[in-house]
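After the structure tokens below, expect a handful of questions from me.
Chain IDs A, B, C, D, E and F follow the sequence of writing; residue 1 opens each chain.
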Amino acid sequence: MKKGIVHFNEGEHINLYLLIKSAQRSVASNGKPFLTLILQDKSGEIDAKLWDCTPQDEEDYTPDTVVQVDGDITTFRGKNQLRIRGIRLTTGQDHVKKSDLVASAPMSINEMVDTMNQFIFEIRNPNIQRLTRTLLKRHQEAFFEFPAAVKNHHEYVSGLAYHVVSMLNLAKSVAALYPALDTDLLYSGIILHDMGKVIELSGATAASYTLEGKLLGHISIMVNEIGKAAKEMGIEGEEITILQHIVLSHHSKPEWGSPKPPLIKEAEILHMLDNLDAKMNMLSRAMEKTKPGEFTERLFAMDNRSFYNPLFEQKVTVDS
Amino acid sequence: MKKGIVHFNEGEHINLYLLIKSAQRSVASNGKPFLTLILQDKSGEIDAKLWDCTPQDEEDYTPDTVVQVDGDITTFRGKNQLRIRGIRLTTGQDHVKKSDLVASAPMSINEMVDTMNQFIFEIRNPNIQRLTRTLLKRHQEAFFEFPAAVKNHHEYVSGLAYHVVSMLNLAKSVAALYPALDTDLLYSGIILHDMGKVIELSGATAASYTLEGKLLGHISIMVNEIGKAAKEMGIEGEEITILQHIVLSHHSKPEWGSPKPPLIKEAEILHMLDNLDAKMNMLSRAMEKTKPGEFTERLFAMDNRSFYNPLFEQKVTVDS
Amino acid sequence: MKKGIVHFNEGEHINLYLLIKSAQRSVASNGKPFLTLILQDKSGEIDAKLWDCTPQDEEDYTPDTVVQVDGDITTFRGKNQLRIRGIRLTTGQDHVKKSDLVASAPMSINEMVDTMNQFIFEIRNPNIQRLTRTLLKRHQEAFFEFPAAVKNHHEYVSGLAYHVVSMLNLAKSVAALYPALDTDLLYSGIILHDMGKVIELSGATAASYTLEGKLLGHISIMVNEIGKAAKEMGIEGEEITILQHIVLSHHSKPEWGSPKPPLIKEAEILHMLDNLDAKMNMLSRAMEKTKPGEFTERLFAMDNRSFYNPLFEQKVTVDS
Amino acid sequence: MKKGIVHFNEGEHINLYLLIKSAQRSVASNGKPFLTLILQDKSGEIDAKLWDCTPQDEEDYTPDTVVQVDGDITTFRGKNQLRIRGIRLTTGQDHVKKSDLVASAPMSINEMVDTMNQFIFEIRNPNIQRLTRTLLKRHQEAFFEFPAAVKNHHEYVSGLAYHVVSMLNLAKSVAALYPALDTDLLYSGIILHDMGKVIELSGATAASYTLEGKLLGHISIMVNEIGKAAKEMGIEGEEITILQHIVLSHHSKPEWGSPKPPLIKEAEILHMLDNLDAKMNMLSRAMEKTKPGEFTERLFAMDNRSFYNPLFEQKVTVDS
Amino acid sequence: MKKGIVHFNEGEHINLYLLIKSAQRSVASNGKPFLTLILQDKSGEIDAKLWDCTPQDEEDYTPDTVVQVDGDITTFRGKNQLRIRGIRLTTGQDHVKKSDLVASAPMSINEMVDTMNQFIFEIRNPNIQRLTRTLLKRHQEAFFEFPAAVKNHHEYVSGLAYHVVSMLNLAKSVAALYPALDTDLLYSGIILHDMGKVIELSGATAASYTLEGKLLGHISIMVNEIGKAAKEMGIEGEEITILQHIVLSHHSKPEWGSPKPPLIKEAEILHMLDNLDAKMNMLSRAMEKTKPGEFTERLFAMDNRSFYNPLFEQKVTVDS
Amino acid sequence: MKKGIVHFNEGEHINLYLLIKSAQRSVASNGKPFLTLILQDKSGEIDAKLWDCTPQDEEDYTPDTVVQVDGDITTFRGKNQLRIRGIRLTTGQDHVKKSDLVASAPMSINEMVDTMNQFIFEIRNPNIQRLTRTLLKRHQEAFFEFPAAVKNHHEYVSGLAYHVVSMLNLAKSVAALYPALDTDLLYSGIILHDMGKVIELSGATAASYTLEGKLLGHISIMVNEIGKAAKEMGIEGEEITILQHIVLSHHSKPEWGSPKPPLIKEAEILHMLDNLDAKMNMLSRAMEKTKPGEFTERLFAMDNRSFYNPLFEQKVTVDS
């Protein structure tokens, strides 16, 4: 693999394709404007300064744009920075795609589409099946590209869909052990629960919160989407209210964003599976970066805990 | 005024028109079914037993039905009870209306309709005006008859509309002192903020929570109604999201039912005016029942406090 | 099935084998002692009075004793009571066992022993395997008979072992989806996590808290048992500390009884699986008693929520 | 208007009258003392260093002193700083007053005095009227000059009196809608509620907390002042206890500084009006600095929220 | 000792001097008024009914009155009650004093007065000494008779003074180990800290809360008393503010009634000694009623805990 | 006394014996490794950089090692730093001991050993006495050298034993005033309560948390130690459970680390004495650094409060 942006040291020169994650204009003490960019590739990100920028620069170099950059690595307070010497927009001839520069789910979109369709196919209640299929179609493009969150867990391209696929598989295993669970509600609820994020967030990459995201949040947005879709499709009945409830309650507590707690057993279980998959995602990734015998960095979304990676397992592996 | 149901003493015989507030079937130890009814008139309510009831009785005597009752007042653990001797449904010839038997707002429905129309007329933004007018029309009948709540404040017929009218007047006074406030958002937000209660509650009298009320709550219900109405009317734009936000945030904190806190200044003020009017309603009614120099009963919705009714005011009145 | 104690009505005479769940001596206003007993069979329990009891009665009729009772059903404040006319201890000739009178897990002890041994067999780390096997042996009898708790979930004979078996199966499914999980720690942790209950509680039936239970609690008791066993067996190493940690942290938060939160990923997952199985147990049993279209009674251990049993499922079942 | 201190850029030279807001002595690594000053004018404030200061400098340049300063703007970590070249105390001949250098209420002191006297005149209870008038007289000078707080709301010269005047007007409007309210208690309570700040804070400008402020707080200080004044004036009776209670409870909750919650209806309403006026003050000023379509900075005293300034209003204004 | 009121059984006749603890008038279902009294002697208390009472009875039989009662013990829901046959006020000729009928501190008032004077004598700062002596004089009578609280700890005659004496002795021991402590502040603070209770409560026996008690609380009352006394005595200086602070902060946290936390080291220690003495008082009395090997009743003021009385101590005593 | 490391200024050269408190390896932007050390002597500590370190350096310069250092004081962001020119390990010929470089308790180890033995001698219950003596012996060396904590209170060499000695003296005084207290439980409980810190922490100096410390905590560790020792010594009985309980509950609340609250009166009192001694330690030391008339720095472990050091005391001292 090509050397990524985070692997260069002070004093080195770089010439790379990078994605603009954020861009902010300021005025230097000499009165001239400059841009502070965050640039990223799959290896991570770096802060960069484009001094003496022109109005054209400000217009061109906006978030979510791929650029070709030429510059020097410097350090500021112990952190690498990029001093840009040359920068330009890319064209088709560069043969570089945004997806080459961002992390993404470890499963192809096609595979995820197929899995989800299979689960929808297994939904027996025709109203639930139709509604789920329709809403997935309506938001399909974004749904398979958006991250599950801006940070914390599954915060990469297609993270939302990958999180849903993992939860569906988990739900299938759990429902096999507890036959009282209604898989129609579980599967549909899982597919819909976070779908409002395609409206709450600004995009698949360089994502920020939209106005609707800030004022309503993905939960209320999605409860609405279900209500509007059901009305258009002429579907009525308790199923709709229950699906809206499952979405509404999936964060479980008011202080976590759900105005009603789960009052349907599948809503309670969905909340727990959501939690389980998100935590496994965070833990696995933190563990990968941690040697045996050491503690992970603090995980903010897990009450700021550091987890220990046991040493003894290795000894065992040696023994067996 | 005629002697109400709560003014009779043990041993007295009554013959009154009463409204069934709730009805519950049980089986006595002799194996025969009986009904436990709560019966009410404007003076208050009483528990009543209808022993050895027939299947026809069970069908007839359901909540929200006006009946003619003949019976004796007994006491059980220091509380009056009614032993029913005779009971029958009423007909047109009885010339009794449910509204004769329930408490209601101190303002006529017509007067409240007029006031609200006047405020809607003062809304300058055409989208907000149309949407508010349409939603009020759609739910008009229930809106002017429902209580504002099942208990605590404005829990009488037309309490919802009366609470809205009081808030509108309050908003007008406050906006006159703070001209930065947008009265369009305030007036529309006030009219819509609790409108979801017409779906959350079962009726104007003998109200209980509907399934939608329990699973979604009046806030989410109303955010939805706004979304669906705007879609039907082809209205788009920030106004809709902001009105939805005002409704969504009017309880101010997650633990009080609002998944987002107010993030628009009119949303913040609306929450405060809602609170002020509800508290004045509770305080005024508690004070009316309390002699100077004494404390009110504990007010559950005001942190269980008892308020003191000062003595000194009277002395002053005597002086002046 | 024979008519159980809760199915009799006021005025009926009974003659049954019953188990004493609790017994309390008082003195009547005439100065004579009497016993207040709670008696149970599989159908449920009833309060009973044995008036004018002798010192021999007091000695004989203690908790966890099977008796033959003859008496009359009366009612007191709407609740059935038993007025005892005759009572005696049972002997071998009665052919009645305590297990005939108490609810128990829906799986035989033998089957649970086999399952658990199979899981222990799959533990690859020899220290963990030996320690788990030894501790299970040491407490085997109680472990397979005790309830998982005094109330809330799995509160029946063998409830503890049944809960453990369910969690082991669940852990196997989940570990199949998330291969980063160490099944040695998960399986051993699950078998040991609640084992301290065999010391915390007084017995398999009519269970109350022991002094150690009240002063130390099952978590500290079990951390101790692991420490003492490891010392006796000469096992040292991080594995022991980690197993102690998994037991110590399995309630996840200080206010729920764990002085340390999970800091090992398997400890975190074990906590979630424990929760999931306990909640499924409570929800399934509450749902069984609730008709479609109605809400369950309030479930104290689930934040006092009532869960809704959907109606629509039935319609679907009818259709298919 | 003259260019204020915050409008200069790096490299510019300044020569301005400024007010010392705070002054701190340190010793540089070369062993010589220097002063770190915060200097302000109406436009805002700046950090400044006076190197190699003499003992006379330390004595002269203390908080709340007006100085004439000559120096250069530099930057340190992106923030402007002032390197002082020359500094001197001002004299009468400079014709500069402290009030030229600090922000103040948008109403003249005379106007506020008149308004408050008018409200006191409307108090009918003679004891309440005399006590209020006496206490206002006693603290008059400070009362009309102090800020309402060190930060957050009405934190400018005469902010305290301006906040009181706004609340009085608000109280008048609200009492007109809810005639049960006793305006004597409301008006007197409003005038007295924050009067303790004239003892809690050190002055009208460059305010810090006094020892009494830190150890007792303005609420306890004022409850005391009322008690002492009433004793001196020979006023007895419930009115005094009630006014003390209104002051004591005006922060509403123990964790906000009130050892008793409001137990008089006017105390409850006063708390709400206090809150409403403080929030309107914070919101209006934050909104003034925020363009339509953007969010305000985070407002610490409003749960750290950022408020949105709607875009749509402008469009409407254009339309109408 | 004569048999006390709590030692009689159903059916027995009594003829005793008793103290009225509370009295409430009601109207029976026959329309005639009756009094519900709580009557007490040193052994405890009993509920009593005086049927068909006259207006003279209502005037005579008020709280804190000693009466001679003749009546029969009955039971109601398992609790003894007294049916009054004859009742009369007592006169000098009865030779009965209220103090014969109420529990009181295990130390004479004279002894407590002496102890306290001795401690005041040891205060070296003249201002603190004079102020403490003056305030003690001013409230002396009530101070040596009132309970420390209505319930929970030291809730008997002279409980307040006894609690203060215990704390003074404790303070002396602790100050001997930590010489940094200022005994002037400690001794004066201890004597004054709860003195406001002589205004907060209605009397030494049958105590309830006064209006000042309910609206201001003993802490604010006492801060005021110190302020007024210092003003009268012409004492000024930091000592006064600090003593007021010690009283103000002695409950340590806002939610326990102190608007400021301790910010003087003696205030912090005083809070801890107050707590220690109150808890020892509650624990000792609960333990006296509890057999070895058993748990005390739940102690509401100690987080509702039940404490265990160890068995093993006895064995040791037997051994030695 | 020799000039300590914190008393040097920028530009000065030092040549001192210092103790390494912590050591961390990093890689500079030039790719070469360097060590960041914290070095200390009795006066305090300083950050130091050892550039271009060799593998031998990394091996030698680890925490808790005494070194001889030669270097220059520089400053970085207003804080002194040490640029190391020469560094070497010390040998016997340097005649420097670690104890010369660290702060320690104001009482000799011998004196503390004697005091503790005296208290153990006063324990009358033979089981408690033997167990306490044995555990103290087993951990004696560390027990008399370790700090009581890593920060906050008694965080110096022998701080643990000194804290225990202070608490024992305090317990003796308190038990003299409240004879109901069992001194056997108090003395033994005090000696054992924090003994687990000898396993939780890494050493007497430069202490960090061990793996057992992080995963189990000193409370669980010590409950275990008591259990294992009792088992080895063949001691059984309630005493052991009660001592384990006293240790388990000595932090009083779950959120402070005790899974059970005190349920034995001596456990409750021990918790309060622990608190009292820790707070006196923190307050005394903070006061020593604070001039009269000023506030201490914020004390993190005392709710972040600043305490006031009164001025008036001095005046009094002058007067008397």
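Everything that follows uses one rule, which is that a contact is a pair of C-beta atoms (placed from the backbone, for glycine too) under 8 Å apart; a residue touches a chain by one contact, two chains touch by 3 or more.
Here's who's who by UniProt: A, B, C, D, E, F = 3'-5' exoribonuclease YhaM.
These numbers were taken from a predicted model, which means no experiment stands behind them.
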{"item": "Count of contact steps on the shortest path from subunit A (3'-5' exoribonuclease YhaM) to subunit D (3'-5' exoribonuclease YhaM)", "value": "1"}
{"item": "Reference interface D-F: repeating pair among E-F, A-C or B-C with over half of contacts shared", "value": "B-C"}
{"item": "A-B or A-C - the one linked by more C-beta pairs in contact", "value": "A-C"}
{"item": "From subunit E (3'-5' exoribonuclease YhaM), the most remote chain by mean C-alpha position", "value": "A"}
{"item": "Interface numbering overlap (same over half, different under half) for subunit E (3'-5' exoribonuclease YhaM) and subunit F (3'-5' exoribonuclease YhaM)", "value": "same"}
{"item": "Between subunit D (3'-5' exoribonuclease YhaM) and subunit B (3'-5' exoribonuclease YhaM), distance of the C-alpha-averaged centres to the nearest whole Å", "value": "42"}
{"item": "Mean-CA-position distance for subunit E (3'-5' exoribonuclease YhaM) and subunit A (3'-5' exoribonuclease YhaM) (Å)", "value": "63"}
{"item": "Distance from the mean Cα position of subunit F (3'-5' exoribonuclease YhaM) to that of subunit A (3'-5' exoribonuclease YhaM), given in whole angstrom", "value": "45"}
{"item": "Sequence positions of subunit E (3'-5' exoribonuclease YhaM) contacting 2 or more other chains", "value": "211, 214-215, 238, 242, 263-264, 295, 308"}
{"item": "Interchain pairs in contact, sorted by label", "value": "A-B, A-C, A-D, A-F, B-C, B-D, B-E, C-E, C-F, D-E, D-F, E-F"}
{"item": "Interfacial residue positions of subunit E (3'-5' exoribonuclease YhaM) with respect to subunit D (3'-5' exoribonuclease YhaM) in the complex", "value": "211-212, 214-217, 219-220, 223-224, 227-228, 231, 238, 241-242, 244-245, 248, 254-260, 263-264"}
{"item": "Residue ranges of subunit D (3'-5' exoribonuclease YhaM) in contact with subunit B (3'-5' exoribonuclease YhaM) within the complex", "value": "124-126, 166, 169-170, 173-174, 176-178, 180, 182, 184-185, 237-239, 242, 261-265, 268-269, 272, 275-276, 279-280, 283-284, 287, 295, 302-303, 305-308, 310-313, 316, 319-320"}
{"item": "Sites on subunit F (3'-5' exoribonuclease YhaM) touched by subunit D (3'-5' exoribonuclease YhaM) in the complex", "value": "9-11, 75, 295, 308"}
{"item": "In the complex with subunit C (3'-5' exoribonuclease YhaM), residue positions of subunit B (3'-5' exoribonuclease YhaM) that touch it", "value": "29, 31, 211, 214-215"}
